[in-house]
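Labels run A, B and C following the written order; every chain starts at residue 1.
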């Protein structure tokens, strides 16, 4: 028995040691956000703030239009999420329930898009989108969203969920005179909410966290997304780490909320591929 | 089930890509020709005749307090234009981003009427065939260009004709930590004049604590290509061939010449010996080291002086000295760098071009330049700004700035100090940083590093020259 | 009903794919627009230039950001199985990095790694160790960026593996326990094999992510020092979008290489690894 508790103590110690590198950047990100230059911009820097320097928070808003960045990211990620859900639900329904010519071939095409890294096709996309003038003013939103209106990943996940419905259901619905449209929105979608939520959370997070595309596309600060805004803040205010970390902490709030509130769906969405 | 599907997917995929590759034919044509009219300078009457307000976009690359100074300048201009002209300042990111976005806008035929482009983008701007040369407006209006600091105007002139209006100009300085000098028993009023002297002093200014850890380095600067360009100029050496690209298109860079290798070797030796810290290429990081007091001697632009004085308050005293020369026998002076304003002709009406020029004129008058200079720390491009009251007050407050102005006026104008005009100058600067860095971190010997770096940019130069000639 | 997706894929995936190939065979004018056909010149340039180093860096980056993150998370998840108190709080704590985007995490690491005033050097200093040039020493920068990437991926890996562990049926574990399997024996004989689908999934997904990594390199090192962290994707960015370069031809040729690498990785992973995975 004694040996056992010794083993348990070891587990605690090892886990504690492992937690230090994992948690330190989290701690420093948030605590640094309220550290003054006296704690940060000197050598050696402090680990615990000598006084809480809340001014960083207001200074961030003076340095960059963080509120505006928030709105932009919300519009961009929100639009991508809604659009991808709609197109994926449609496509998944078609693959699961409809008899279509060349269905298998089309399905393979969808699969193929998963193998193409976005970075390999980013240059023609950039030339096209900027060539269409979608980098000017409010059109920037269109440029940010257009290439991401459909998702093979979402289609697969939802098709998988839709295939759980018995085919009799479809036949019954057709006999009842309830067409495909009503079947989809009245029966399939309401019953597939967990899967749809899983796809939604996943799509939202990846859209919100995009970096390469908004970096090269966006011209006006007014339409900058939060991620690029934070990176620019890092460049512009390099001398004031407290201010930078305050911006980071503020920008983390929505994802923290999504992660905490949507944890169930996240794990589901993220592991959908793993669990099959 | 899985295997055949994967294979089928691959087949479909390959077929599709092949098909797309075959059908994707070129829609080239960059729309650079807009006729000669587009590049003429209209007179003041086009605005007077116009009934409505003319609105133009002004793309700039100024961040932080400098951005605030731009906004103020624009607001002042709009207020005094009597509702005739409205300038909209649009921040575009850094200098690199701005020129990249400008290139894209040329292809989309949506250029701004006025754009701020860094010094090293000048050749590209000339070759872009988009801009109305500034001298056309100057001649049209009989504008007195003599007040523009000749050394600054020099950079933006090709064949003696000014192509763009200097906007924010800075010169490099040697920054010193006064107290560090005093603690080492050195006289801070006798700053080092060349690299050898910096090297000697760096040894005396490097301080280690009891455990052998370095707490203060004698020297520290960013691996920033601009600093090397400046050192070559102070040694009277040309950075690229064909008279620094001013007699004709430059066909190669010369930062593998002996002086440059010597600079690389000198820097490498200091870092290897532990007398200089290497904070990398990011200028912010080198600045932070100086501001934190961990570096005693430091090279940077005049534009950071104000931030240094503020940051050092209560910790140490910031002193400035003329930019060092490579050796005691060097006779040249530094290049006046920064950025300038370019007026776009192609795709813009006479009213818009005129409105852009009105703003350029406004921005370069002595009063506005004095405000600009004191608000940002850039060197005033109009010599008369120094006579303005606010400027005098500012100089009294920051006497360290006197060094920059004196250095500017003492500078003998020369081909070397006009700087290199090269279409791919941004890539050349980056390549020179590759070379310096490879030497400093010890991956290659200095001469090899600089040679490889110069070679690496040759392809870009050749293809640029091929496409503009 | 398939039309919307098909149109999007055609316009923004398949057509650009062909276009990438097209661009990779052409030169550029000074604005980046495609000019004359140059055949395989951009590909030949890759053979002669420093492109080999870029590929090696990409491979090292992938290896050292994927393997430690997967093994580390597996280790922690197995320890969390030791029936100790506060498992749930600990698991949430270890999963926290998941809430950080690449940009936010990189900016935090940029502040931590700062050569002059960063807390990493501050901590070393208080231990009496001389400062380390985290991001400016070519031999340290790549490991430092990898470490930051491992941190970013850690939370996700914990989430996936925890979900896998909780899906293992308690009867299996109980049966193994009755057979006398405890501790590492239990882990290595029962838990790890049963986790192999998740581990396989993580290796595949992390490898793909690592090959596409961009934000951390752009924020932390810009590919430096001395190109030590220039991965393939960063090199594409640099050729196409940095330093006013607009060399879309050469960048597209590298993009084609990226595509080929990714396709072969996927094929290899599905072809070889999948056979060893234990599916329930």
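One rule holds in what follows: a contact is a pair of C-beta atoms (placed from the backbone, for glycine too) under 8 Å apart; a residue touches a chain by one contact, two chains touch by 3 or more.
Just so we're clear, the structure is a prediction, and the values are computed from it rather than from any experiment.
Asker: According to the touch definition, list the chains common to the neighbour sets of chain A and chain C.
Answerer: Looking at chain C and chain A together, the chains touching each of them are B.
Asker: In terms of CA centroid distance, which chain is the most far removed from chain A?
Answerer: Most remote chain from chain A, centroid-wise, comes out as B.
Asker: So what's the Cα centroid distance for chain A and chain C, whole Å?
Answerer: Spacing between the chain centres: roughly 16 Å.
Asker: Indicate the whole-number Å distance between the mean C-alpha point of chain A and the mean C-alpha point of chain B.
Answerer: 37
Asker: Where in chain A do residues touch two or more other chains at once?
Answerer: Chain A, residues with two or more chain partners: 41-43, 109, 115.
Asker: Listing for chain C: what residues touch at least two other chains?
Answerer: 15, 17, 19, 32, 114, 116-117, 125, 241, 263
Asker: Could you list which residues of chain B touch at least two other chains?
Answerer: Answer for chain B, listing residues that touch two or more other chains: 6, 10, 16, 104, 107, 282, 285, 288, 292, 294.
Asker: Where on chain B does chain A make contact in their complex?
Answerer: Chain B reaches chain A through residues 5-6, 8-13, 16, 63-64, 90-94, 101, 104, 107-108, 110, 282, 284-285, 287-288, 291-294, 307, 311.
Asker: Considering only the defined contacts, which chain A positions touch chain C in the complex?
Answerer: Those in contact with chain C are residues 7-8, 11-12, 14-15, 18-19, 21-23, 25-26, 28-29, 32, 40-45, 47, 86-88, 90-91, 93-95, 98, 100, 106, 109-110, 113, 115-128, 146-152, 155, 208-209, 211-212, 215-216, 227-228, 230-231, 233-234, 241, 244-245, 248, 251-252, 255-256, 259-260, 266-267, 270-271, 273-276.
Asker: Using the touch definition up top, name the residues of chain C that touch chain A in the complex.
Answerer: Listed in rising order, the residues are 1-2, 4-6, 8-9, 12-13, 15-17, 19-20, 23, 32, 72, 75-76, 79-80, 82, 84, 90, 93-94, 96-112, 114, 116-119, 121-123, 125-126, 151, 154, 156, 159-160, 162-164, 167, 183, 197-198, 200-202, 205, 208, 211-212, 214-215, 218-219, 233, 236-237, 240-241, 248, 251-252, 255-256, 258-259, 262-263, 266, 279.
Asker: Across the complex, what residues on chain C touch chain B?
Answerer: 14-15, 17-19, 21-22, 26-35, 45, 49-50, 114-117, 125, 128-131, 133, 135-138, 222, 224-227, 241-247, 263, 267, 270
Asker: Under the definition above, what is the set of chain A residues touching chain B in their complex?
Answerer: Spelled out, the residues of chain A in touch with chain B are 41-43, 63, 104-105, 108-109, 111-112, 115, 130-131, 133, 135-136, 219-221, 232, 235-239.
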